[in-house]
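Letters A, B, C and D mark the chains as written, and numbering starts fresh at 1 in each.
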């Protein structure tokens, strides 16, 4: 599938707020092309200072989490697997923002987990990006710049799903391992795969606790490939040292079950483990962390280091 | 609370299968004593070879997960916090076992998540302990010896809780960070704290996927201390680099909420963070992994590295 | 909004498998019209006998649960509420079917609650419709004909959602109270409301345990109305004796929280109860049953009898 | 097992706050005896007026939900089933109370579902009992007196479980069908069964939404029987018209799975249904309602009317 790659720049005129097969592609690329995609932040850049309280700053936003896409990948067909090699993420502004949004986040009642309580207070934090670090002066804390794509998806089969949702199609997974150097594998349901991305995070803890990572605008550079006639059920991630599956569901244990079941089956099909031996290996050496505990469903990442796979 | 410590050896005559305040202490120790506790494995040593299938080998076991305890810690009173400094875990046999038990584990229906399906097949894996490694020849895999206490508890208030359960009292958390070099903090509801431990694991992946880690018999050496007049709600763990809270609940998101809420409040009370700033810090730099996804409730570990706390 | 009603017959040429705003209306009707809608069954009539095992009979069905729609209701605009008065459901064949589908249902692992277990066996049951009763000779049981619409929806805002899903838009709720004599209220996000329905059940227990009610083809007769400038968040149902809210979510307690929170707010806004008094009233006199425990999310029905509302 | 029954009156000197096998029986009775048990209310009668706000009135209560027991039933042995025929519940005061307790109830965050939000306001409602009705003048609502036992249990095996919890042993199920005229079946793990009861409710809606039903003191009259050598896994209830199973777990779907699985197995073992036919019957005719959505685990009631069982 490899071609001598071009460099393609994708600057969207407008954004999509659903992952869907109904929108016309905004670019066509080929496997092997180097594709640089311009991304707005999750708030459409409406929050830029401590004064931009969400209830006001977002009042004009009918939808959140603008996505750049769909990008049509030539040669990709239903039943294939899309390969997304993440090459680089370049922040396109010198600060990141996070905030508390009423009834959104991991330690508050939400529109899904409803209560009759009052919301938490609104707050905005601005983190200055400087010398590879994000610095918040009020907290007097700095965290390293370690950017990743909070949202990365293909169009589902027939459905149009809000860009706030993670799922089998990828989407709003908020998984820090979806970052430069790593490769993401996604199922394909539509001609051209129809790729979307956005929601760049300069860094984020596991769980994305308050619901808002270090949100930045960015240019993300990826290279696509297509594995013909191979279907996968859920997003897979490969780093230099490990292989991972992202499962997204509620309750959270269902996400853990999905991610681990898929990883067992992957070890069985591609790495020569008998099924129950794979189950045993993950029991003794697998990783299992929370990507997000705040979105429409939760994303959990099951992993195994490659050093255990050369058996 | 520190005394010039004695060395105390605790060899139980029989075991407890509940964490409870009704059983007579089997030893009395003082803060500062070096206490070496002999522990059976989770199966009462009934499974030792591939032929010891659980349905037969465990048929004579009315209860599982035998605990050594209670150990009475002098000076410990309700409303204090028990400090357990884990010094060393010495395996007392040269192999570890794991197995598939019908209707038990993360990727099967269980007595809690009931279905009408048949159980998975039974299997036993024996891992040889050699030169600091656990080796399974069938899998052709080795994992490092990195032992920890799967179960570590104080007696609850009035209740007697099965040793299969994790909870505010500690218990069957199956959290790999409860290991030598680290310190565990537990609430105290009874005179003498009434400490129990057992279920040593030679190693284990996050989630303890099939429900059975690398089970060994052991001698664990700890030192107790008591923090007077300080109450905590859930178990805390401190390593050289990080502080952590273990929350145990179902569904799994409730465990994540507990662990992170407690960690926010800890940052507020002890580390000088305003509440919402603590929430923000954990969002951008916190860890959140699954200890077990197989016990009566699930245990999640929320953490923050100490390097972020010197603000 | 009432007009002198016409009688309109809606016979679809093909069906929709998503609730979505992207499909052209197949009919336009006015409030006050009597609208008779022809519906296929949830399997596109592919299962008609005991020999039609799902894995074979449904092999050619890329999607399930065909919906008739969208029907455009004149005068309906975003921000209004759609009123659907269910007048009559006429079965259009003399039998209903139910079946066991691999990895689908309430007492099996599923694509959401994944395990490594084998599926339950496949089975088909045919229930003869005779004299107002459904009769299964193998079971030697009869249940009364008490038909309702398993699926009834409006198009969501921007999204296209599988017809297998319930949600704020209504959808695949599988709630037996959505039946002739009762009125359903739905939010409106699109011009014309864009109404869909299908999945007629001749009867069904609470929870729809195996995932498949007594599936029939039907003609359902409804009358629409529009309440201008009133927004509701979740589907409401009104019978002669009670008012109800349907909440759909996972885990199931989130569905219960949604349904009851909405019902508290409804009592507050329309029935003169102070908020905490409404909470109290539902505590002592409310109903709470499971509509489905098998779909993409679960549907719970919170209710209060009208006799308690004339305070 | 029937004897010519005596009438036995059980007036406790003090109460138990755990279901446990460690407490001495307060009475010994025989199968066939008519046993009248005096019960305090869930608050130890500390809340009697609108001014008795829980945070103050309950400040002196270390534990809640006092139970009368254990009552030793002669002839009951581990492996038998205890039969509890509920004959009568006589309120022993002329009012019932309900209230909002901080961080307790179905529409607030709780100690299990933690958030950083403020609690709901505290409130007490007093309902006057008059002429078979409970009347609240502020709400201007009356509900019928329809009393049942919120809590009814046997001692577990080895464990001592808080009286706030439901489980396989019965306990704090808050199921309105546990009322006079109906019969409850419970597993037996201890000699004498060791029966406890309390938490009488004058009436309650499904779900016990705010967490506090219409709490009264009472005299409840029961008659015990023992079915020898029959083990059941979860509480069963039989009314004149239906048989039911109560499952208690979190998340709520696990409670629904338990209750329905047990009911399928009951239909198979006692009513001549093949397993999959039983699953089918419950799908089309079963009931499934929420007993409580507020306790340590949730209780769901699966049922089938007896008219479907004479096949």
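One rule holds for everything that comes next: contacts are C-beta pairs under 8 Å (C-beta built on N, C-alpha and C of every residue); 3 or more make two chains touch, one makes a residue touch a chain.
Bear in mind the structure is a predicted one, so any value in this text is a computation, not a measurement.
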Where subunit C and subunit D overlap in contact partners, by chain label: A, B
Farthest chain (mean CA position) relative to subunit B: C
Computed distance of Cα centres, subunit D from subunit B, in Å: 33
Cα-centroid distance, subunit B relative to subunit C, in whole angstrom: 46
Per-residue multi-chain contacts in subunit D, two or more chains: 107, 113-116, 120, 250-251, 257, 261, 264, 279
In the complex, subunit A residues that touch subunit D: 107-109, 113-120, 251
Subunit A to subunit B touching residues, read off their complex: 98, 100, 106-107, 120-121, 123, 125, 127, 134, 136, 138-141, 143, 203-214, 250-253, 256-257, 260-261, 264, 273, 276-277, 279-290, 293, 298, 300, 302, 308, 311
Touch list for subunit A against partner subunit C, complex: 17-18, 20, 22, 63, 112-116, 158-162, 249-251, 254, 257-258, 261, 264, 275, 279
